[in-house]
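Two complexes, one shared chain (chain A), two partners (chain B, chain C).
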Partner chain A sequence: MTAVVLRRGAELLLTLLTVSVLVFLLTSLAPGDPAEEILRRGGVQPTAAGVAALRAELGLDRPLFTRYLEWLLGVLRGDLGTSYADRSPVAAEIFSRVPATLRLAGAAALVAAGLAVLVSVRVTLRPHAPGSRAIALATVALTGVPPYIVGILLISVVAVGLRALPTGGDGGPGAVVLPALTLGLAGAATLLRLLRADLADALRQPFVKLAAAKGLRARRTVLVHAVRVAAPNAVTAAGVVLAELLAGAVVVETLFSWPGVGQLAVSAIRQRDVPVVQAYVLVTGAATVALLACVELCLAACDPRVRRR
Partner chain B sequence: MRGRGTILLLMLLSTVLMGCGGPEPATGQLTLAAPRDLVAGPRDPYYTHQTLRVWEPLVTVDDRLRPVPALAVSWASADRGRRWTFTLRDGVRFSDGTPLTAGAVVANVRRFLRIAPRQSAFFSLDAGMEAAYGKLRDVRAEDGKVVFELAEPVADLPGRLAGFFSMIQSPGAFASSGDFAGKPVGTGPYTLVEWVKGQRAVLAANPHHHGGAPAYDRIVIRVIPDANARVAALRAGEVDGLIDKGALLPGQVGAVAADDGFRVVRSPSALTHYLTFNAARGPFSDARLREAADLALDRRAIARTLLGGTATPGAAFLSPVFGELADPGVSAPYDPARARELVAAAGAPAGPVSILISSAETGQFPYAGIAEVLRAALEKAGLPARVTVAEATKSVMEAGDYDIFLSAYSVPNGDPDYLFRRFLRSDASWNVERRLGYRSAAFDDLVDRAATEIDPDARRGLYHRVQRLLAADRPMIPLAYQDNPVVTTSRVGGVTQNAAYVVDLGELVPRR
Partner chain C sequence: MRGRAGPALLLAVVLFCLLTPLVSGHDPHAPDLARALLPPGGTHWLGTDQLGRDLLTRTAAAGRTSLLVALAVTAATTALGAVTGAAAGLAGGVADRLLGFAATVALALPGLTLALALAGVLRPGYGTVLVALVPLGWVNCGLVARTATRQVAGSDHVLAVRAIGASRRYLLRRTIGPHLAGPVLTVATADFGRALIAVTSLSFLGAGLPPPDTDWGGMVSEATPLLVAAPGPAVVPALALALTGLAVALTADTLRSAPASPQAGGRR
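Presenting the complex of A and B:
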């Protein structure tokens, strides 16, 4: 097990280093001049001297490799640079917004997992009931609709029409409901399909027949015994879905004015605030890689076959 | 078992729903939303936008971009525009209780000069504050007045200072570095009491305000960058109004204005949509083809349909908000037949001309649709065209790889000289680097003379000549003059907006 951890750890570091190079290169080589973009924010035309002065101040006139090394050394010290837009430290800005994103992703994960388990169990218990099929169909259809459409529908019906929940922002406990629902529906599809298939498989196992012969009720067989057998694949997928939720938060956070890192990234991209974009991609990239590594370690701990690979 | 589960679920739901209704807003509180953060923070030259009325300038502009008194009640020029003296309003105190003095004004000017060049979320400062002062030799306090001594004459210093460039705050608000030491300390009707970056600003009435207390005790300004989310918040009753540049998109205005619960205020802004020609290469190096393109445009249809009636058709280079400086004699007729004749005479180009738009601007204005209409109009006139959308239009233009560029421009103050000098003078970086290829000694001379002409009639005459010259040369042509619609619920009155998108929060009053 120690060997697995060490090997995975080394791979993780290599992955992160590759991510850092890609992040830096892609954002730095993107066309456009951040200095001019920043000076033009008021909608007026800067002088050539002003643009040159700002380029020098931001260090944009130095070689790319030097800038990368300095940036990497900074990142290793926990310094993600300063924002081009207002000169504030990027790390503080990102980390002040992480809790909001985690709250949203957590609530969305609850929606996704809850929906997946409820619907798959119901469909498995009564596979031929018309209600089951309708629910399964509706869920899959709904999860196939892009989040921004679901979000706009929820806003116009629940927030504007019924005035039951806020349209956006983070002004109270109810504010998370609509964005979490929007984001969670998107994640539920993958989980639902996996769990349904695995549950159906599990029900064909001999132990189900044994349970039935023993006189166990079908509901208890599914909820207690079959779900346990069917879970591992879904748990693996949950890791991927959680990573997707973090990434998908960009659209939903913008739509609902949710003060998380995704919203920060969108406004940074608009303003060509390169250090903030770099930090966002790096942090979410690192979080995704770490999340997947955790899932793998969990599986390795449970299943000896994974360890031998 | 099932019953208990249902009860639990209901309880959970009711807690969630109760939490989100929130308390009723206290009377005297107003909540508005804006597309961007109107607070920029302690490292910005101004800290807050002028709209918030935390600070006031010496001079501001009215709805015709004319300089009008704010903290300065009057001004006079001497030495043919080389010396300007501003008389300050009496009895004005900053929100920290200290009085406004000529010395405080001088300290603000010196601070600007010390920190320039400096970027801003609003209007960046050039080196030496050139857009504001021209060439400043000295600024000093004299008998309670403020005197600017300039190395070169400036025709209209109040116009140039109007707005951000003459912001006055208590000298005690600044640290020695020129950044803000704490919160902004101004003379306006409101003070900034809370700021959550990118989310909201909370303003409270300033007890020291010289004009008396404003009607609302507190104003909360929420930042809602997404246009649909802004209107949803308005319709859901979460905010009482939407303000600032781009508060309502052209496509949203009709539906919101049709609702009796809302009042849309449309006022002209200094923002104008221009078409910039690449005349450094063919086909538009041929003046006849530029004229053909100009005549082929149905500006009225574009303003009415695509811009949803939020704009008026362009003609003279300066929009009507420049008041009498705009030349009413310049017209821009729609004459597709004449356009076809001109193309036939000049000869159609071999390849299609490229209409360039920026993807950064398509979110606020329907540029993709306008570019399509332009393309169709040019093709009808015999000029094959294609539309190019680019993220970084600067590099495309500097490579000379475009023929027409559609974009909108504005001014940072009340001075038209800025537009001519920054965009079209023979040495302007826009003209040179973006390959406009416009070199006119006559234009340069007229612009330079107008900038230093202190006689208003003579200056107006010079600017009219400039605009007639541009209407004949066509390096850039105005497509439409853009309004900036803002909206409040019908419970809010006193909404006025000047040509620089400044809604005066101090004038807002509750209506029954």
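Presenting the complex of A and C:
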């Protein structure tokens, strides 16, 4: 187990470093000079002397590698830079919006997990029921249709057509229902596909035949025996889906005006506020990488075969 | 029956997108504010949008853009993935490990987020969309091509061609290449679906193609603020995209579950 933790830890660090390099290089990819950009946004007509002074103040006149190291040290201290738009610290802005995104992703995860577990067990128990084919079709459809399209259709039916729920914002307990359903349905499709494959694998094991031979009812075979075998894989599936939900939140937040991190990033992109975009990618990227590493550790902790790999 | 539904639906969508702008008699980009937000009927079969543009023609034109850009992205990722995957699979050793590491990093990164950031930082345009989506998009195809290459590389007929002194280039093109066609086509179809989602999502978020070259995501994004008052301009492109996504997903599903044919490839 220690070896697994060490190896995964090293891999995690390497991936995080790669992410940080990519994110840092984003700023240098941006056309135009950041100092000029800041001056222009401050309402100042940029002069050569003014730009040079600001470049020196921001440290932009130093070599790329030095700037990367300083930026990385700053990030490790929790300093994510300052916004072009209002020159306020980006970290405070991002972290004030994290709770809203986590609330949305959490609610969506509940939707996804609930739907996927119920449906996968039902489909496995009765593969030829008429509902099962419809479910299979719906699963395929949900993997092909982007979440914001599902959201638009949900809004126009539920919020506009039936006037049942608010179409956006974060006011009142009903506001989370449609965004969570939109995001959760996309997650449910992925999770369902993974869970069904795992359950089908588990049902092909010899002990299932034994269970049937000794007269165990199908329901008990699936719910007690097969589910237990499929459970470790479900941990992986849950990790993959959670990562997908975090990344997908940006679209759903934009559609429903949900005041989360993703909405901040999109408005920053529209204003070409590079530091905010950079911080968003760094935070989401690091969260995803860490999440997937956690999943692998959980897996190693509960399944000895993974440890020996 | 389900096997043919996907390709048939896809063909119908493609024909709709290509033919409608030619025969409708409306310009998809010409605004006419006097005729804004008309309900369906008359010469505007599906009504008009907030700037008075014909919704049907505009949906078809935007569809053509969406499909073309997604196709360009898929062509690039498939070519890149198939070549690197096959080369790494055949070479083994360090090249193979490098591909493995690149794939691990790429799969751990939040793809849409990075693409969004790239597209947001660079100037909007076709090139930017490609730059944003190709660097992480080739991984699926690369991994599939690598696995398929490894499976074939050990077989007797490849050994025989090797034994008579064929170059690595010949091996890849003539001996191994035909065996990759099936798996690569399957993954390319799935990748096309993902590219379509990614391209339109970027436009929906305002980081995709600049106007007037709108795609379905851009149309939906423009019309979303009006969703409560006039759902048409958002719902029509949304439905078109949903149908296309369904068609691509069905096709990919059919290809995936089709039994691997023994003579995959054809030309030897």
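Keep this in mind: the second predicted complex is superposed on the first by the 258 of 309 C-alpha atoms of A that agree within 3 Å, B and C clash if a C-alpha of one lies under 4 Å from a C-alpha of the other, contacts with A are read in each partner's own complex, and residues count from 1 in each chain.
Criterion: a contact is a pair of C-beta atoms (placed from the backbone, for glycine too) under 8 Å apart; a residue touches a chain by one contact, two chains touch by 3 or more.
Because the structure is predicted, anything quoted here is derived from the model rather than measured.
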item: Chain B versus chain C as contact partner of A:Pro146, first or second or both or neither; value: second
item: Contacts of A:Leu264 with chain B and chain C, given as first, second, both or neither; value: first
item: Touched partner set for A:Ala53, first chain B, second chain C, both or neither; value: first
item: Contacts of A:Leu22 with chain B and chain C, given as first, second, both or neither; value: second
item: First (chain B), second (chain C), both or neither touched by A:Ala231; value: neither
item: First (chain B), second (chain C), both or neither touched by A:Asp86; value: first
item: First (chain B), second (chain C), both or neither touched by A:Ala175; value: first
item: Contacts of A:Pro166 with chain B and chain C, given as first, second, both or neither; value: first
item: First, second, both or neither for A:Gln45, with chain B first and chain C second; value: first
item: Set intersection of chain A contacts, chain C complex versus chain B complex; value: 30-31, 152, 155-156, 159-160, 167, 254-255, 266, 270
item: Chain B-touching residues of chain A, taken from the complex the two chains share; value: 30-33, 36, 38-39, 41-50, 53-54, 85-88, 93, 152, 155-156, 159-160, 163-175, 177, 254-257, 259, 263-264, 266-267, 270
item: Footprint of chain C on chain A - complex, ascending; value: 11, 15, 18-19, 22-23, 26-27, 29-31, 137, 140-141, 143-146, 148-150, 152-153, 155-156, 159-160, 167, 243, 246-248, 250-251, 254-255, 265-266, 268-270, 272, 274, 277-278, 280-281, 284-285, 288-289, 292
item: Touching residues (chain side chain B, partner chain A) in the complex; value: 15-17, 19-22, 40-41, 43-44, 117, 119-124, 126-127, 130, 196-199, 222-226, 228-229, 232-233, 235-238, 245, 271, 360, 390-392, 394-395, 408-412, 418, 422-423, 429-430, 433
item: Interface residues, chain C side, partner chain A - complex; value: 2, 104-105, 108-114, 116-123, 193, 197, 200-201, 204-207, 217, 220, 224, 227-228, 231, 234-235, 238-239, 241-242, 245-250, 252-253
